[in-house]
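Okay, so chain A shows up in both of these, paired with chain B first and chain C after.
The block that comes next holds the complex of A and B.
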């Protein structure tokens, strides 16, 4: 019972927050709604007995990714209203509605799901974080190391790209100067 | 009783909200937000399958997706800042250089 209440509460909140993110014209509102949606999604992970995943979701997404977006937003003019793409709403909603229907049909169709067997079954008496660690550092050690190298590469490239010409201020210049820069 | 289908349908709904965002946004920062939503929707599906089939593989895939999302944001935001410094706008329309 408590599971159903929690599921429907989180589902409503997440869908509402993501809808705000998609529909809002203000970049700041969109970012705050996205951060809230991420927190509510971690609620699903706790509900699904994936405690470690839920904690990682809060730390990485809401802590790191959202903070990065907030810092990145300081470079852009975020108080201005966001201009929308001028494709007609009818086409957009038709396309995404059809893909939603297709996804639901694919997910609900019980064709393959009967034959699925657990590759690394969960054992009794082992906590979630411990079980994840055991599988991650035995079966998935190579992908884990590759992911670590990928994060290192991403960090170095992010630092180098963002710090280029950081001493020049964009807000104190006239539009003409920026245009001249663009021409060069 | 909440079954696997509930979670998968929710995952599909969130994925499609993200899809609407990708289709109707012009601002590149907003497109990044929509991408994050797509990745998160898939993560919910993976975690749900992981629970209902008693298999840890789904959770591990979700971890790798989170790692990919984190590095995507770092590189993408760096490129976006360079683009904004050069052009002064992060609209998608400024990116087209071929006039066909």
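The block that comes next holds the complex of A and C.
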């Protein structure tokens, strides 16, 4: 009973939040709703007794959306509305309608064929984190390591892109020197 | 789920909410008194004996002040930001075992609202969500000082979160569990079993990250009075401003409880001192340490914070993890 109430509460909240994310013209509303929606999703993990994944969802998306805010802060005046220019309403409706249809098919198909079953059911006496670890380091070892290498590549390229002028520090310079740089 | 369980949980939630709101208010008084003592002043003296009713007077002032929303602010986000700070601070306390189990009239009470088996990660994650409060407040205020405060919130979160996670990893590898109760029980053999003796580096790193997590001096860049007026809180007044402070002081207690449980033996009996009093002593020592640091240390610059977190603390934490792993394997 409590599970059902909690599920429908979280479902409504999540859908409402992501609707605001898509519909709002204000960057601040959109990003806050995105963060809230991501955190409400963790509620589903907690309801399914997957505490570890729920907490990971919170931690990962807190940092990720926070970085998004940083970009929003740099590129927009977040208190003003953003003017959107839709070139063609037809394309927008077609694409969103098709993706909605696709999502419905994806989620309804397993229910109709009644083949939903857990491939790796939880065993008694194994905690959440251990269960994830066992699957990651046996069955999914290769994808896991490939993902790790890809993240490393992304990190190194990020550092190289950002570090072109890392040996100079603006805070240690006089105003005159900065002015000279700007003139050049 | 039985009825008794639901009633018990609701009572626990009410106790935690009431107690820590009151303690947060009282902590402001203690902070002013301790700072005054360190700076050879008297501090609040006029309201009640030794100024102890100052908290009440401040409360009345905050409640009766005008609830002011600036004209160019994004109204709903501006209003919701303080609630995020206060709510997440109390949500984080749900997974902290405050005291050892005790029995009232044959009914065993476990002083923890929800014992999930990833308690530590949950507390750290929810406390990090609390940083959205200052961020949203700063971005929604329509004020340049506030915006700088919000930008500083972002760099602070992105800097300290990784240090918190990595520093706490080494003790977790020794214990082998994310549950705070398991971590506490691991150290049950007396003072020589405390994790601080085997993980002193992790202890120092976690404490430094805790200062950044709760926006305390020397890392209180978000509302650095000398630089950005009051940072993210510049446009706030009355109870909305008060909620930021309740959240901040509640976080102070959360971090103190976390450090005591992970590194200093938690609520195990300490020699002849019973566990409940032992953990209170440790928590109040850390609260005092937070205030002491505020009196003794200057603020640091944002670039110094990033330098400290990414170039000093993170490599040290990584080396600590590698050494712990090698020792555990041998």
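Please note the rule applied: the second predicted complex is superposed on the first by the 109 of 184 C-alpha atoms of A that agree within 3 Å, B and C clash if a C-alpha of one lies under 4 Å from a C-alpha of the other, contacts with A are read in each partner's own complex, and residues count from 1 in each chain.
Convention: contacts are C-beta pairs under 8 Å (C-beta built on N, C-alpha and C of every residue); 3 or more make two chains touch, one makes a residue touch a chain.
Because the structure is predicted, anything quoted here is derived from the model rather than measured.
By the document's definition of touching, neither partner reaches A:94: not chain B, not chain C.
Ranking chain B and chain C by residues of chain A touched puts B first. In the overlay built on the shared chain, the residue A:73 is in contact with chain B and with chain C.
In the superposition on chain A, no contact is made by A:141 with either chain B or chain C. Look at A:35: by the touch rule set out above, it reaches chain C but stays clear of chain B. By the document's definition of touching, of the two partners only chain B reaches A:131; chain C does not. Look at A:161: by the touch rule set out above, it reaches chain B but stays clear of chain C.
Within chain A, the residues touched by chain B in the first complex and by chain C in the second are 52, 56, 69, 72-73. Residues 1, 72-74, 76-77, 116-118, 121-122, 124-126, 128-129, 131-132, 135-136, 139-140, 142, 147, 150-151, 154, 157-158, 161, 165, 177-178, 301, 303 of chain C touch chain A in their complex.
Listing the residues of chain A that touch chain C in their complex gives 2, 26, 28-29, 32, 35, 39, 46, 51-52, 55-56, 58-59, 62-63, 66-67, 69-70, 72-73, 78-79, 127-129, 169, 171. Within the complex, the chain B residues that touch chain A are 1-2, 5-21, 23-27, 29-30, 32-34, 36-37, 40, 43-45, 47-48, 50-51, 53-57, 59-60, 62-64, 66-75, 77-82, 84-88, 90-92.
By the touch criterion given at the top, residues 3-4, 7, 11, 14-15, 18-19, 21-22, 27, 30-31, 34, 37-38, 41, 44-45, 48-50, 52-53, 56-57, 60-61, 64-65, 68-69, 72-73, 75-76, 82-85, 87, 89, 92-93, 95-97, 99-100, 103-104, 107-108, 116, 118-122, 131-132, 135-136, 140, 143, 147, 150-151, 153-155, 157-162, 164-165, 168, 170, 175, 178-179, 181-182 of chain A touch chain B in their complex.
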